[in-house]
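Consider the two complexes below, in which chain A is the common component and chain B and chain C are the respective partners.
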Partner chain A sequence: MVTSDIYNKEYDVIIIGGGATGAGTARDCALRGLSVLLVERNDYSTGATGRNHGLMHSGARYAVTDSESASECISENMILRRIARHCVEETDGLFITLPEDDLQYQQTFVEACQRAGIRADVIDPAEARRIEPAVNPELIGAVRIPDASIDPFRLTVANLLDARMHGAETLNYHEVEGLIINQNRVEGVKLFNKHDGSHVEVRGRVVVNASGIWGQRIAQMAGVKISMFPARGALLIFGHRVNNMVINRCRKPANADILVPDDTVCVIGTTSDRIPIETVDDMRVTREEVDILLKEGVKIAPSLATTRIIRAYAGVRPLVASDDDPSGRSISRGIVCLDHAQRDGLEGFITITGGKMMTYRLMGEIATNAVCAKLGNTAPCVTASQPLPGSEDDAPNQSDLTKRYSFGQRAAIGRHGSLAARIEKENDIDNALVCECEGVTVGEIKYAVHQLHVHNLVNLRRRTRVGMGTCQGKLCSCRAASLMGEFNHDVKRAQEDLASFLDERWKGMRPVAWGDTLRESQLTATIYEGLCGLDMAVNLEGKEDAQ
Partner chain B sequence: MAESMQLCNISDNNFEQCTKCSICTTVCPVAAVTTDYPGPKQAGPDGERYRLKDPAYYDKMLKLCLNCKRCEVACPSGVHIADIIQQARMTAGQGKRASLRDTMLANTDLLGTMANLVAPIANAALGLKPTKLVMDSMMAIDKHRTFPAYSRTKFETWYKRHAASGQEAMPHHVSYFHGCYVNYNFPKLGQDLVKLMNAVGYGVHLLDKEQCCGVALIANGLYKQAKRQGTVNATSIRRSVKEQRRTVLTTSSSCTFNLRDEYPAILDIDTSDVRDSIMLATRFIYNLVDEEEIKLIFKQDYKRRIAYHTACHMQRMGWQIYSIEMLRMIPGLDLVELEQECCGISGTYGFKKENYERSQAIGSTLFKSIEEAKVEAVATDCETCKWQIEMSTGLPVENPISILADALDVEATRRANGLK
Partner chain C sequence: MRMDTVIMGGGLSGLTCGIALAKRGKRVAIVASGQSTLLFNGGSMELLGNIDGKAVNAPLEAIAALPQDHPYSKIGADRIAVLADEARQLLADAGISMEGSTARNHWRITPMGIAKPAWLTLSDHLRLDDLNNLPAKRVALMCIRGFFDEPNGMLEHGLQGLGLEVKKVEFTTDDITALRRSPSEMRASSLAKHLTSNNALKRLAEQINTLAGDADMVLLPSVLGQNDDSDVQMLQGLVSKPLRLVATLPPAVAGMRMQTLLRHYFRMLGGNYLMGDTAVSGAFDSDRLASVTTAKLGDMPLKADNFVLATGSFISRGLRADYERVYEPVLDLDVDADSDREQWTRFGVLEPQAYMRYGVATDGNLHCLKRGKPINNLHAIGSVLSGHDAIKMGDGTGVSLLTALAVAHDILA
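Now for the complex of A and B:
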């Protein structure tokens, strides 16, 4: 459908926000037969969805302080293992007690887990060292719990794909500028199309505000007040996996106490700082944050001290303020669904917030229930049982893959599950690697560009992992930019895109630019600026930042 | 603070030091001739990240690696690329049994012992067309290949009969790790070394116990056996170096490299305490000449034009300079130094039917440059390069030690070194 046709339709529901929650709500609504439009101001999963640990909580972390969240987590955890197999790696996790921690807490922790229905097996420290050799060998206690690793980018895309297969429309780079309000009723949204600079209005019977920390601003547009509690967390990405199980500290939640194996890397985090709502768009990581993360991280896995850090990033948790806890940790991660008709007397407007990436599906279900109640739709929710596209039962298993597919094809199946069947692999060109670190082929790039809403290299990275390896785009970005230029018949745009992609990569490397990461970035700069003169060919805004 | 904590990044085989510059891939002889092989960067440090995630990401195309180590020589960041690949192959091959062919090719020791007993028959049989066709079809050993001829008398037997008694009287002493090729196929090289060393006052002794160094076992996935034999050799070498104070000389670059570097890197046999005392004979002799400990006098009428080919493992050690400089000391020798290129055989690799064409494609530029050099013979420190170059160019290939021994004026040299 062309964009103007999308604008001219009237929808049952318009969802604001292309994170996991928005995508999950769109899928649920579409599966229940509603006509759906989802709008996102940037790319999908650019907010908190794409800026967390990639941890599929068992709920154990919340068991002691927030049993409701813990129960929600373990229930969603088990559901996601079934419906989102291709986004989940079933690693299991450890909660370790170090000599500096109180071993008494382990007892409290295990009991709380049992109350919440989370399997928690106390194991011998020697056994913990055996099953996870990266763990701090000085540990004095360990509990094994069903944590796992999850890829939030894939998860969001899979939800969006399913929503679209069931008739939903989705638009990225469409920012909500205002709401259409008519006599205490929200009747649609005013959009700014960032691609062509146009302004449009789209009508819907119900508008769902699923925009995370930015939801406070959307609510303001509707004239209602929600007090968000922005808690910022920074994380570090290491160049390769040191651990193959999630490792947590068994103590009250604190800084940098979780190490998660994500795809080819591992991630330590997070810090937690209360920040003013005005600064939620500033994602720069400070020196102090890097220091805290590494200092605490080596207590979990000592080898982190000598492992290359490839990037630092930060995200903002969209918590709804309920008490005055300055750390932002004792606060409930509970799901908040506000029907503004009941709360503020404003019809046709629902806010879904709080919660966690982990509970996105449940949030979608709750929000969709609220939408359906308004629209008189009685269809049941099926998102807990119906697998996401890519995770159908006929997905091939690994040993089968080893025999039949090349490395790049197997990496793609790891990323896209059964959807990888859509990737062309008939000839040498399609099988040629664009991103060598992450095994992304020309065929996979074609698939992403043509079927997964890719407008630029950063979008492409989120869909495929192009540029997420240790070279951070040095070799793949020019190849990928060249393919994009070919598909779009626009060399100039591809060149600008290349420069801005490399700039984006450098921003994440900058806080950790020493040692091999610095050497790596120096070589990148030498190739693109020194040899190719990219800095002279393209004038980037904020260029001083990239130097 | 974080920066000072991270003074160095430590990863197995320095794989994290890779900055993806891809220089290794540009020098890889296999990647140059086939797109089936992903190249050392992809097979090594890139693939390693995926294998750490899940060993199932092992790429079966890694079997195409020659283990020539040219990637490691080229790497500006000190990444042990080929070691990463060998270890990945080792991990992936665990629990699998090597085929009869691979076991046969790998067991140079066993095969040599048996063949020595029936050398004339074995040589004739191995050279026969029907035998070759049977080996080609039944065992996938390429029909173009000829097994190196087996000697009737082992080097060790010759040594005990003809050389052993004279060695103790020499003023200086070294040990000699002769390797399978000298022992079973070509005792003359060992005899040449004894001749050369004796002429400058060095007694040559065998090790207490020598077994095949295991380079072919490693290449064919027989790691357990390689480790067993390696441990025996390490013990013998240690006794020679530590107790008898004898440097261990070698005449094969691949054996040398295996003993010095693959033992610790692949087989986890620590040889660090004796590593510096294991060396190629040309390097040892060069150093003696350089320090004016010995003098070499060559025949006045010696006249030959010879090309020197640097074997891959020779290049990895950086020792070709010693062999080249030794050959240059021969006044009548017109030496052509060839570009450093892989000949394609890589031990047993080129013997396998599935590798034959690739093996010849890899060596083709080298063969062409040898042809263009218009020489009467080629010198190299590796026996498998010798077989490959002889088969592919028709020229005789000799070890520098044999050339030196041949050109040496033994009597004059003995006198110059104060021997009667």
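Now for the complex of A and C:
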């Protein structure tokens, strides 16, 4: 459907926010037969969804302090293993006790896990070292729990794809500038199209605010007040995967106490700092954050001290003030769904916030229940049992791989599951490799550009992992830019896009620019500026930082 | 092993210095990792390309105005013209045929079709002496099917912007198609390795002659002539129109050719090129370096009267940084670098980055310093030197060549 047709329809529900929660809500609404539009101001999964550990919690982390979240996590954990298996790696996890920690806490922890229904097996430290050689050998206690690793980009895209397969429309780079309000009723959204600079209004019977920490701003547009407490967390990505299991510290949650293996890399995090709401768009990682993460990370896995750090990034958790506490000081850790008709006397407007990437599906279910109640829709929720596209029961097995799939499709199966079959394999060029680190082919790039809403190289990275590997896009980004320039017939834009991509990579590298990361930066400059002269062709100054 | 001079680093500066010394009968050993930044060189040398983002037209005049800590100023701006001629002769003697003038920069064409100022460019590569007087009106841009290391669209766009009519032609030959069966084989260096037999070059020429149409010049990605220019000359003989090569993304075949020819020439002169080895430490005897230990020779240190540090910048690991400091890893020499990590870099990726100017500290004769004192038999040359930003100034290859020659003269004096 062309964009102007999307603008002219009236929808049952308009969802604001293209993170995991918005995507999960869009999918649920579409599966229940509602007509759906999802709008996102940047690219999908640019907020907290794409800025966390990629950890599929077992819930153990919350067992002692927040039993409700713990129960939600373990329940969703088991659901995601079924419905999103192409996004999940079943690594299992350890909660380790170090000499500086109190071993007595382990007992409290295990009992709390059992109460929440989380399997928690105390194992011998020697056994822990055997099953996870990267762990600090000085550990004095270990508990094995069902943590796992999950790719939030892939998960979000799978939800969006399924929503679209069931009739939903989705628009990225469309920012909400205001709400259409008529006599205590929200009737739609006012949008700014960042691609062409136009302003449009789209009507919907219910509007769902699923915009994470930016939800406070959206609520303000509706004239209602939500008090958010932005909690910023910084993380570091290491250049290779030193651990095969998730490793947590067995103590009260603190800074940098989780190390998660993600694909070919691993991630340590997070710090935790309350920040003013005005600063939630400043994602620059500070020197102090880097130093804390390194100091603590090395305690979990000593080899991190000599492992290259490829990137630092930060995200903001959308914590919300409890409505039942008039002082506004008490924070709700769980999922918060506000029907503003009941709360504020404003019809047609629902806010879904709080929660975790991990519980996005449940949040979608809760929000959709609220939408359906308003619209009189009685269809049941099926998102807990129906697999996401890519994880269907007929997803390819090993023997299928060699028989039916081309090289490019095989390389992409880890990223797209059974959807890899849609990747073109018509000719020899489709199978040619663009990104050697991550095995991305020309066919996969075509698929992403044509079917996954890819407008630039950063979008492409999120959909395919181009440039996410150890070389951080040294040559593949130019190859990909050049191909996209040809698909879109706009070479100048391709060069600007390439420079923006390198700049975006640099923002993550700069806080950790020493050792091999500094070396890689000089190499990138030697290729793109020295050899190619890209700096003479484009000017990044004044470019909006909205990838 | 006892040598007259031991050079640490076998890239452009190390080889140039080694050749200049070996030519005068000195016993020289070069300790070379086997990789160098020539891998990123599209076939040109530059003396000085840019000042404050503006292209330099007359490099000698601009060099005279450089600040005191620039390596050219340390050599002496008045010696640049003579050393540049000497460098050009040395390259020619090694079989590297280049064109250009010290009086006036010409333009090299990058893989993205951008014109950058240059001093010398390989004779078989595209070079524009005057943007108002182009060497052709209509060019055929030969695009190899399935080869993504030439961004053809950007190149076409850039050449059009310079005023050329561009006809983009996709083609392949049986030899190239065979290579493409392996998805990772389509790199410039793999193509150059396979496009070397007479028959392969004939098939290539046939395609070009059939498809070039009414163009008056043929442009081909630089995927030929990894060892010397004979394959290119043969192809030029077989193609009915003038043919020039255009730089690709790395590995750059042109730079590999220069590296190979310099290495052969050095060995021909009796030089000892210790390939695949690196210097790891040194032993000092008061204000002199007595010997250097390498990874492979282990407990047999290299002794010499003179030593030259040509280990390159961060890329080549001639400089290193950890989260506290920038240092020189082999001899722990003094470096010119900011001590505060926040100062090393800037927020924008294309802004000038301070770390690019970091390097070992030297006195006016390019002697290295250790704890503030010059080491009288240890010089530094090339990218390991501080005081210039090769990326923003376009002076990297010139600094490598000219500091190498200046130090060779100092050692021979």
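Heads up, the rule we're going with is that the second predicted complex is superposed on the first by the 513 of 547 C-alpha atoms of A that agree within 3 Å, B and C clash if a C-alpha of one lies under 4 Å from a C-alpha of the other, contacts with A are read in each partner's own complex, and residues count from 1 in each chain.
As a convention for this text, contacts are C-beta pairs under 8 Å (C-beta built on N, C-alpha and C of every residue); 3 or more make two chains touch, one makes a residue touch a chain.
For clarity, every value in this text was computed on a predicted model and none was experimentally measured.
By the document's definition of touching, neither partner reaches A:R115: not chain B, not chain C.
When the shared chain is aligned, chain B comes close enough to touch A:G239, but chain C does not. By the touch criterion defined above, A:R410 reaches chain B but does not reach chain C.
Look at A:G533: by the touch rule set out above, it reaches chain C but stays clear of chain B. In the superposition on chain A, contact is made by A:V298 with chain B only, not with chain C. Looking at the shared chain after the overlay, A:K507 reaches chain C, while chain B stays out of its contact range. Looking at the shared chain after the overlay, A:K9 reaches neither chain B nor chain C. By the touch criterion defined above, A:H199 reaches neither chain B nor chain C.
Of the two partner chains, chain B is the only one that A:R308 touches; chain C does not reach it. Common to the chain B and chain C contact sets on chain A are residues 287, 290-291, 294, 407, 428, 433, 436, 475, 514-515, 519, 523. Those residues of chain B whose C-beta lies close enough to touch chain A in the complex are 1-3, 5-11, 15-22, 35, 38, 41-42, 46-50, 52-54, 56-61, 77.
Per the touch definition, chain A reaches chain B in the complex via residues 239-241, 244, 261, 263-265, 287, 290-291, 293-295, 298, 303, 305-309, 398-399, 401-402, 406-407, 410-411, 428, 433, 436-437, 439, 469-471, 474-475, 512, 514-516, 519-520, 523. Those residues of chain A that touch chain C in the complex are listed here as 284, 287, 290-291, 294, 407, 428-429, 431-434, 436, 441-442, 475, 478-479, 481-483, 485-486, 491-492, 494-495, 499, 502-503, 505-507, 510, 513-515, 518-519, 521-523, 525-527, 529-538, 540-541. On the chain C side of its complex with chain A, the touching residues are 37, 40-42, 110-112, 114-116, 145-146, 148-149, 151-154, 156-158, 177, 180-181, 183-184, 186, 247, 249-250, 252, 313-315, 317, 320-323, 341-342, 344-345, 347-350, 353, 355-356, 390-392, 394, 396.
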